[in-house]
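Dropping the structure in here first, questions after.
So that you can tell them apart, the chains are marked A, B, C and D in the order they are listed, and the count of residues begins at 1 in each.
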Amino acid sequence: MSEHPADYTADEIMTVTAARALRDGRTCFVGIGLPSGAANLARATHAPGLVLIYESGTIGTKPDRLPLSIGDGILAETADAVVSVPEIFNYWLQPGRIDVGFLGAAQIDKFGNINTTVIGDYSDPKTRLPGAGGAPEIAASCREVIVIVRQTRRAFVEHVDFITSVGYGSGPGSRERLGLTGAGPGKIITDLGVLEPDPQTCEFTATGLYPGVTLDQARERTGWDLAAAPGLVTLPPPTATELAALRRFTTRAKE
Amino acid sequence: MSEHPADYTADEIMTVTAARALRDGRTCFVGIGLPSGAANLARATHAPGLVLIYESGTIGTKPDRLPLSIGDGILAETADAVVSVPEIFNYWLQPGRIDVGFLGAAQIDKFGNINTTVIGDYSDPKTRLPGAGGAPEIAASCREVIVIVRQTRRAFVEHVDFITSVGYGSGPGSRERLGLTGAGPGKIITDLGVLEPDPQTCEFTATGLYPGVTLDQARERTGWDLAAAPGLVTLPPPTATELAALRRFTTRAKE
Amino acid sequence: MAEIVPLAEAIGAAVHDGDAVAMEGFTHLIPFAAGHEVIRQRRRDLTLIRMTPDLIYDQLIGAGCARKLVFSWGGNPGVGSLHRFRDAVERSWPAPLEIEEHSHAGMANRYVAGASGLPFAMLRGYRGTGLMEAGGPGRDGPQHPSIRAVTCPFTGEILTAVSALNPDVAIVHAQRADTSGNVQLWGITGIQKEAVLAARRSVVTVEEIVPALDPRPDAVVLPAWTVSYVAAAPGGSRPSYALGYYDRDNDAYQAWDQISRDRERFGQWLDTEIFGAARV
Amino acid sequence: MAEIVPLAEAIGAAVHDGDAVAMEGFTHLIPFAAGHEVIRQRRRDLTLIRMTPDLIYDQLIGAGCARKLVFSWGGNPGVGSLHRFRDAVERSWPAPLEIEEHSHAGMANRYVAGASGLPFAMLRGYRGTGLMEAGGPGRDGPQHPSIRAVTCPFTGEILTAVSALNPDVAIVHAQRADTSGNVQLWGITGIQKEAVLAARRSVVTVEEIVPALDPRPDAVVLPAWTVSYVAAAPGGSRPSYALGYYDRDNDAYQAWDQISRDRERFGQWLDTEIFGAARV
């Protein structure tokens, strides 16, 4: 067993936890930032056959350093195939060929609906965020979605100000009624632990917490009445191997 | 002036007449057989900047011998661009980018409607022909269409047994009602001469006859009451230069 | 994830009686070796889907494998008729052949819809043609099963909708695969990518299996995880061609006109060239 | 047929006040030099269309060229906000900015429809999102101008229709053109082909003009007869990148965050870098 170093950052434990959620041989639609770090870490450790797909049209890409944008040259140069932007969405994402989609969020509600569009009123916004990008169709069509977001009361809200990407809509049956083909968000990975949807209600509940994090802390930072799932576990911290691999990537990205 | 050699075949004068109808710098959607010969002859003589496009996805192809199929390797190897079959139809043909489309016919009526599907009843055909291929959309979307077909009573009929590709439908206004964006067939080039649509009635009339061909001979071989256009001309025979260029192509094709 | 297996095993596993089978390759890279293996394994009641049936489907139809043909141009390119296809349509020999007929643009878009996970595609096409009805002009036939009108919700324009094609199995030929099963084809790449992505299962025959694929101009790559079976079949598209490997055998296309005109002569061809030939 | 002209002449001829302008390039090959020339020529009331506005539209918006923005993701990739864009949307500075907002899939398909001569495209998308309405949830806004429902005439399924994009002018950057004006770009080729084919006019800036284009893997070729103007602009996509020529200048993307935060500092940047710079 590897030892568990005590000093890791919140980003690092989030990235490692997300990487562990990716099984070998799966196909993964990756966004930039933490998702890209997690997917590349998984490929460098337990999932060498993980297929990384970026919305820039690069399929099966194998970068040896973390790209800083979703369209870096390294992604094209190491890809199995490079296709046009319409093709990546129409032939690859839309038919449900992709196992896992990774998303971030500015706001997320208890049903996993995501806002990356505006804080406040759409026509007179307090804060204008970047908007949708590829997220709505990733959320609709990937077989499963994993969301990575820091857990704060500002982000974890009862109702999002704008639904950019649909999670479970207004609860059980929503996705079916909307004709969304993917199963929806399976995990929200935060800097406190992991939330998963209750199989009955589709409400996100705490299923795992990092070492030293309490359920009360998690509740404190959640805008809805956060329940603990039966069998709530303490999640294992990053191993030395995982941290070393992750840090190799991030160091190279800065070179 | 080149001399006009007396011995040329019907195919040769048809091909040369069709080639002359192609202006330099135009884009031309080419089918196999006589159309391909005509387009390549035009490029080898008066229209070096003619852009040849084949439905196999080869754009701006410059074969030095006549291809025997629309998908010969020489077409891909000498093309400016090779695209997929959906792309050639959707991005290139459908929006009306192509100036001239060349079509053949098993039957053609006085409004230039073409049958290449069946002789006899569709569900119990006397003769099953190859069918539509790219023709219906070439007929609909090219800015102008040129038809090349030998003139016989069997081919030039009052009503075609099946409309595979629309000419002027049932007469003036039909194309507009059907939403067909191209202007329709501008010429039918036969082994007797050239027919063009009457600007008022859309009925094809004789506008040119080859040397030695009479209007009565043309009427004899036409299933509708063929009118002579005002100013019916005798068309010039192939020049020695044209014949030499054409024969260079056909010889190379057989090598 | 692609399994690399012998051709007979790939066809045995992927193609079943009654399946809808698309063998594609637009003039170039026609999967003849795979088609012959389907005949050899005596598959029956197939719905054969292909833009240009060509000699390959003339052979499958004549051999009695087909119940239905979905197509857009059924001739021997540059030569003339497909006689086995005509014999089936005109005289129901060796069995009646149901046909579902389109234009190239329509068939191409049906595959695009299939590959895109959409139930239909839309195009400017068919309007005013006899293809809009199943039975042609002057006949009260049923509506064409896979052509409808659709209205633009913005402009009110009427366009043509064609239903998606999602074959049970797509069979294509490519120049190369690597040892992981990633497939690469180049030159005229036609509709093969769409056919494979639209199908539930797929078989790709290749000229050769190489350690790694080097990038090439005008290449289409099908990642191994989109393909069911890869089988080496050198020369597998003859008498069609494989750019960079061998040319189209135009004489064989000419010769087919005589072989296929006559039922008996075709039968001899089947016995000698297909059933007499060793399994790949 | 493409005319090869200096950049200032190409922009002068192709881009007019009030035009709908699409500058495309998905992270790669962003046409910055051309965008700066549009600012320099002080074009006004433009409808700017672009999937990822990026720094290039932050600059055009801040410089007061835009009346409206049609887009799908408006951030500084890997860095954060586009501050000039936010200042326009949140505080109407330097002028109010109308926005028409989509997802990437929707924008990509709108270009595909435009390039295909169709009035709309269809996709599985937007359903259940606030994007379906112009004004977001809880607000009785008008219907989104370019999103509607469409029903499959075969299955009855409800899908999403988006209207075609046909910009007045498309502007893209490519690695090369030949002396006839044929354009070649490779690497991540994004949506550039569709943008050029959908537009009424086009300007392509290139790293270099070469005697002939050699075929390359993953290349898109735009034949000369599909392009209006070609202009040499070496380094014309900096701080974005041109594969095979130079890398993305990530520091410049970081630095933009500071430059663009402050109206005055942005004004200095405009004076020095755009209006102070010699015309190309």
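In this text, a contact is a pair of C-beta atoms (placed from the backbone, for glycine too) under 8 Å apart; a residue touches a chain by one contact, two chains touch by 3 or more.
The shown structure was predicted, so the numbers you read here are calculated from the model rather than taken from an experiment.
Participant: What is the set of chains touching both chain C and chain D?
Facilitator: A, B
Participant: Does A-D or B-D have the larger number of C-beta pairs in contact?
Facilitator: Between B-D and A-D, contacts are more numerous in A-D.
Participant: Based only on mean CA positions, could you tell me how far chain B sits from chain C in angstrom?
Facilitator: 28
Participant: How many angstrom between the C-alpha centroids of chain D and chain B?
Facilitator: Taking the average C-alpha coordinate of chain B and of chain D, the gap between them is 40 Å.
Participant: Once you find the CA centre of chain A and the CA centre of chain B, what distance in Å lies between them?
Facilitator: So the centroids are 57 Å from each other.
Participant: Could you list which residues of chain A touch at least two other chains?
Facilitator: 90, 94, 141, 181
Participant: Give me the residue numbers in chain C that touch at least two other chains, ranges are fine.
Facilitator: As it turns out, chain C has residues touching two or more other chains at 112, 117-118, 123-124, 157, 193-194, 218, 220.
Participant: Return all touching chain pairs.
Facilitator: Those chain pairs which touch are A-C, A-D, B-C, B-D, C-D.
Participant: In their shared complex, at which residues does chain A touch chain C?
Facilitator: It is residues 25, 27, 51, 59-60, 80-81, 90-91, 94-97, 141, 181 of chain A that touch chain C.
Participant: Flag every residue of chain C that touches chain D in the complex, lowest number first.
Facilitator: Those residues of chain C that touch chain D are 117-120, 122-124, 146, 148-150, 152-155, 157, 159, 161, 163, 215-219.
Participant: Along chain D, where are the residues that touch chain A in the complex?
Facilitator: 26-28, 51-52, 71-75, 77-78, 81-82, 85-86, 89-90, 101-105, 108-109, 111-112, 123-131, 135-137, 139, 141, 157-158, 187-191, 193-194, 218, 220, 241, 243, 247-248, 250, 253
Participant: Which bits of chain D are touching chain B when the two form their complex?
Facilitator: Residue positions touching the partner: 1, 112, 115-118, 182, 193-194, 197, 220-223, 225-226.
Participant: Chain C touches which residues of chain B in the complex?
Facilitator: Interface residues on the chain B side: 32-33, 55-58, 68-73, 75-77, 82, 84-86, 89-90, 93-94, 117-118, 121-123, 125-137, 140-141, 161-166, 169, 174, 178-181.
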